[in-house]
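Same chain, two partners: chain A is paired with chain B first, then with chain C.
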Partner chain A sequence: MTKKKIIIDPVSRVEGHGRVTIHLNDKDELDDAKLHIVEFRGFEKFVQGRPYWEAPVLVQRLCGICPVSHHLCAAKAIDQVVGVNDETITPSAAKLRRLMHYGQVLQSHALHYFYLAAPDLLLGMNSEVETRNIIGLAQMNQDLAKKGILLRKFGQEIIRATAGKKIHGISAVPGGVHKSLSTDEIDSFKRGGDIPSINEVISWCTEVLDHYKTYHRKNQSEILSFDQLESNYLSLIGKNGELELYHGNLRCISATGKKVLDDMNYLKYLDVYQEDVKEWSYMKFPFLKHLGRENGWVRVGPLARLNTCEYIDSPLAQKELEDFRSHNGRFPHGTLLYHWARLIEILHCAEKIQLLLDDPDVTKDDLMAKGNRESEGIGFLEAPRGTLIHHYKVAPDDQITKCNLIVSTTHNNIAMNKSVTQRAHHIWSKHKERGEEFLNEIEVAIRAYDPCLSCATHAIGQMPLKIEIRNNENDLIRTIER
Partner chain B sequence: MSSPKKIPITVDGKKYDVPKNINLVEALSSQGIRVPTLCWYKGMDDCLGTCRVCTVNVNGRPSAACTLNTTEEMKIEFDTSELNDLRKSIIELLFVEGNHYCPSCEKSGDCLLQAEAQALEMTHSRFPYEFNHYEIDYSGEMIILERNRCVHCKRCTELFTNDDGEKVFSFIGKGKDTQVVINKETEKSLSKHKAQEAMDLCPVGAILVKGEGFKTPYGERKFEKEPLWIKK
Partner chain C sequence: MILSEQLKGRVLVHAVGNETRSDDALGLMALEIVKAHYPNFTFKENYQLYFEDVLEWVEFDTVWFLDASHSRTMITRDFKPVPVTFNPSVHHLEPDLLASMASEIYKKNVKVIITELPGEDFSLGSELSPQAKIVLQDFESSISESNFPVHLK
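Showing the complex of A and B:
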């Protein structure tokens, strides 16, 4: 019996490096598909032995797209080590961190939608690979591409103002932040110039949503039939059930909306969480203990957040949520709906940024709180891609002795593998050549999750993509390259 | 008090009148010529002469400028491609011998080694990294000794004392095994202010004050406000 394997390596237009293998049986029928994460980073190990106050600056280096998420999540965890929590941190520090976070989610979502996902959606999954990118998007709709680029730039400038740099800022320190905003900085976001004003940003976000919804209406059947995956959904949640990106309790619902975790304090996450490992991937497979390995996997990120929340506490985004639910139902499962959900979150972030820019607390100097030293800290945050967990143990002499990081994409690991398998089965007979179109449709399923496979920086342009067909002796039978 | 006698010296073929018998680095600095240094700093009584980054040619012979005082008719070569490369290579050697991860170092922006490397336009090291193992000493009450970053300049061992005038740091070992250690008895009495003084004295991030870090925003750190470069 000869078994064959198709390998997509690397998966393109995602952050980091991954590989898909599609395993065939002796009749050349699809047997199984897997998403492998082929990089080993080792941050959990080499942060050990470092002084605890270094963690927020050190661990953010595991990502060039969402370093702010790691910076803030680590800072939240280390806050506890210095005896500070969400109740005792100063209002100015809490608001400046939130502002930084909203800027981060806005820029990351804009990057993903306009640079990585929109070329598939708006130019077509099977359009020419040479133009299926942001440049092709700009050629098709210059105004849309320009707004996408400037939306991202606005988010980056918010990060620069609050964190000190667009990438890898250092302002969140144990117990608070080390800088506030100047009135000049605030005015620049209200006035606009090289970047759009906050009013323009909000207006553009609604325009982009309208544009997406027009596309969605035209292509609804393809979008919804692309990949339906019934799953649990996990996210932080606000006190009153509102969408919450920075701090809240942990809620998990089933595919039908039943609460699986009922707004629990995330400090108890080890009571409900377990991680599985597989020999074929460096990424772990977390699951909820009480549901078991088979049923305890969850999806996180924009779609999960819209499913778990009861409402959004910013008016325009709430209106969009109502529209989203009227089209798709209360608990939709379509994987491509991640994109729509992501655009609603961009609008929400813009509205929140507007409120914070009008808040006098972000200009005040009451930036640091103090408390009694503790030996452990746990931080949770809704990063752009989903729930992010940082957990540190610190010895009395100040060195970190243990670190556990469960990054957003890890939660989606099983879901992405299931989506890849489902999609491969779905299109197996459609693309008999197993060429570019076949490859891309598999990648589109992964891309919807906006995975940050290594939490690494992403380069614009076409990445090399190669399919190798091998027999069970690992002999190369055929290679298809872009 | 009369002003010190001026004497003529030549630097890169150009004549200067400088005070007699003063430290050569200081003399050159007074003429607008910034000599890179790690161990020497303005105002110190005796030079340490450990880092050799200030190497110049005096009357045709390579010498550490901080170890010399001005004498009449000194002929100094300073800004030559060979000497600039020599100084850069010394900096590179320090980078490969230690483990310097600037992105997560709290001294970044305030670090003299980093600033001199930038001034010398170091983009990489020509020497292979050694990835040596160094123990971080957390045993102090006020101070952490991050030996991965130590450049053995002797500033802390020679120049720093606690409020009672007692030394806090010393060297143990020889050659490659030389390392700085903390005297736990004398370190115990350090005030936070004195601990910060020790951290500021260290040209790199080897001495850290416990419980604090990253206090200064980007753009306001020492060498971001006053970047170094070799004045041509």
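Showing the complex of A and C:
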């Protein structure tokens, strides 16, 4: 008897290129499953030798989906190099950066929900693959598909107004920003026109949440039994325990809600972080040192943030959080709940955008702060997919000498592998001879995390998907692909 | 069928590519050639295609999409309806999907013509490969001679 291995390559409807292998033992039972990240780019290396002020513009080229997260996280780190921090940055700069960030999270979550995830959720995981896509979704609910496009466009326009460009903006600079908003720009978001007004955006976010909750109620047992993964949860947290996407301390809780990192200053992250490397993936495996390799892995992103926070400081999203917790408990572990959490965060971002558009500071010209030059800077940010870390060391001649990036998807690496293994066990026990179940259910598990594999390995991506079954000598036994 | 006969009504020429990734710039460079010959068209360029681009597409009668490709020969074709295996990544969005979205979501009958310009080298660099330079010359010749065949579905 020989061992076998099934490979899913590439995983589709996620950002970037991944591959899944499923290993069978000599009794034809599932032994193990692995998510391989097969891209490599090496941004940490090639920013070395560049002047530090280029970092916010250079590093965002990691990604065309969440460049704003990298742009702002690098800017936060480089702020420290010029002696500026969250206390000393000007109110206008801080609020304009937050506005940009909320636009980014809103557009990224909308993109993921409507185009990558919703076809599985609203058309059904076992619906025909020919129609399980945005076109099928549009045929079922044209209005929903149109609103998805316009929500994404609204977020992109917020980014354009604050960053100068929709993709790879240039506004955040060491010590602040170089652009405030004009009253015309603010009016365009309040009034609407080619894009919805901010009031319409908030109304649509609530509507989409209601739509999702109807779906959830009808399919609750399927959603919750899909993948229950007890894990630690990590995110930034506000001063009073509120959901915080831009700046805060670092909180990690266990599966039962016990604090395992008690709102620590993220500048000390090296004291608690360690990264593991596996020969079969370009993506690293970070964990918390004091909990060890086996137990120190975490989940990040929308579900983690809703689990770590005590409340949300925007009223409609807070109401939705209460509803979420009344349905799912205080510390839910269902992987598919990432989608519900993501929709609550879209609403939160829209409410925050509305407040900032009414704030006179975003139109002022007090945009830059100065301080004493330092040799090192660390930035943390809650990117759409989770906690993002940028760390730079800078020589006296202003050149970057060291760069460490731990991106959101990397934090979820171990969790995604565990979810893939759980799903593979489930499928193998029921549908071992069939192909589509493997392809889609494995993908659905990965897709819930909204991974950006290009960011995680710092590589550009294309997305096909194939499964191969291999024996213990690595001989190909079977291939499944669309 | 010749391209000039297809470019009817309000025409948007949309190119995507990255000028710092060698032959990936082919679409953008082809757009400059089109500009010189058809100055009355509307032009749009970006690094990649986005879902919301469909909002602009539906404002036009014809969209001519230009992009570098891994194909072996230059081809200009009508769009294909979304294939049964379609599964998008936003990093790699097919223009055929946007054409399908225009008809399925917005019920607009936009004529979409796609020109695939074969590239050879997509690594970092600001120069086209020798093969891509020939492709661009062929593209310009076809436009200059008004002899640009379109493969219709």
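Worth pointing out:
Note that the second predicted complex is superposed on the first by the 470 of 482 C-alpha atoms of A that agree within 3 Å, B and C clash if a C-alpha of one lies under 4 Å from a C-alpha of the other, contacts with A are read in each partner's own complex, and residues count from 1 in each chain.
The rule is simple: a residue touches a chain if its C-beta (ideal position, glycine included) is under 8 Å from a C-beta of that chain, and two chains touch if they have at least 3 such contacts.
Fair warning: this is a prediction, and the values are worked out from it, not measured in the lab.
Of the two partner chains placed by the overlay, only chain C lies in contact with A:Y115; chain B stays clear of it.
Of the two partner chains placed around the shared chain by superposition, chain C is the only one that A:A145 touches, whereas chain B remains out of contact.
Of the two partner chains placed by superposition, only chain B is touched by A:G164; chain C is not. In the overlay built on the shared chain, the residue A:E130 is in contact with chain C alone; chain B does not reach it. Judged by the touch definition given at the top, the superposed model places A:H431 against neither chain B nor chain C. In the superposition on chain A, A:K34 contacts neither chain B nor chain C. Which of chain B and chain C touches more residues of chain A is settled by the count: it is C.
In the superposition on chain A, chain A positions 168 are in contact with chain B in one complex as well as with chain C in the other.
Within the complex formed with chain A, the residues of chain B that make contact are 103-104, 106, 136, 138-139, 144, 208, 210-219. Residues of chain A touching chain C in their complex: 12-16, 64-65, 111, 115-116, 129-130, 133-135, 138-139, 142, 145-146, 149-150, 152-153, 156, 167-168, 194, 454, 460-463, 465, 482. Those residues of chain C lying in contact with chain A across their complex are 46-48, 50-52, 54-55, 82, 84-92, 97, 100-101, 104-106. Residues 49-51, 53-54, 56-58, 61, 82, 164-165, 168-171, 173, 178-179, 395, 397-399 of chain A touch chain B in their complex.
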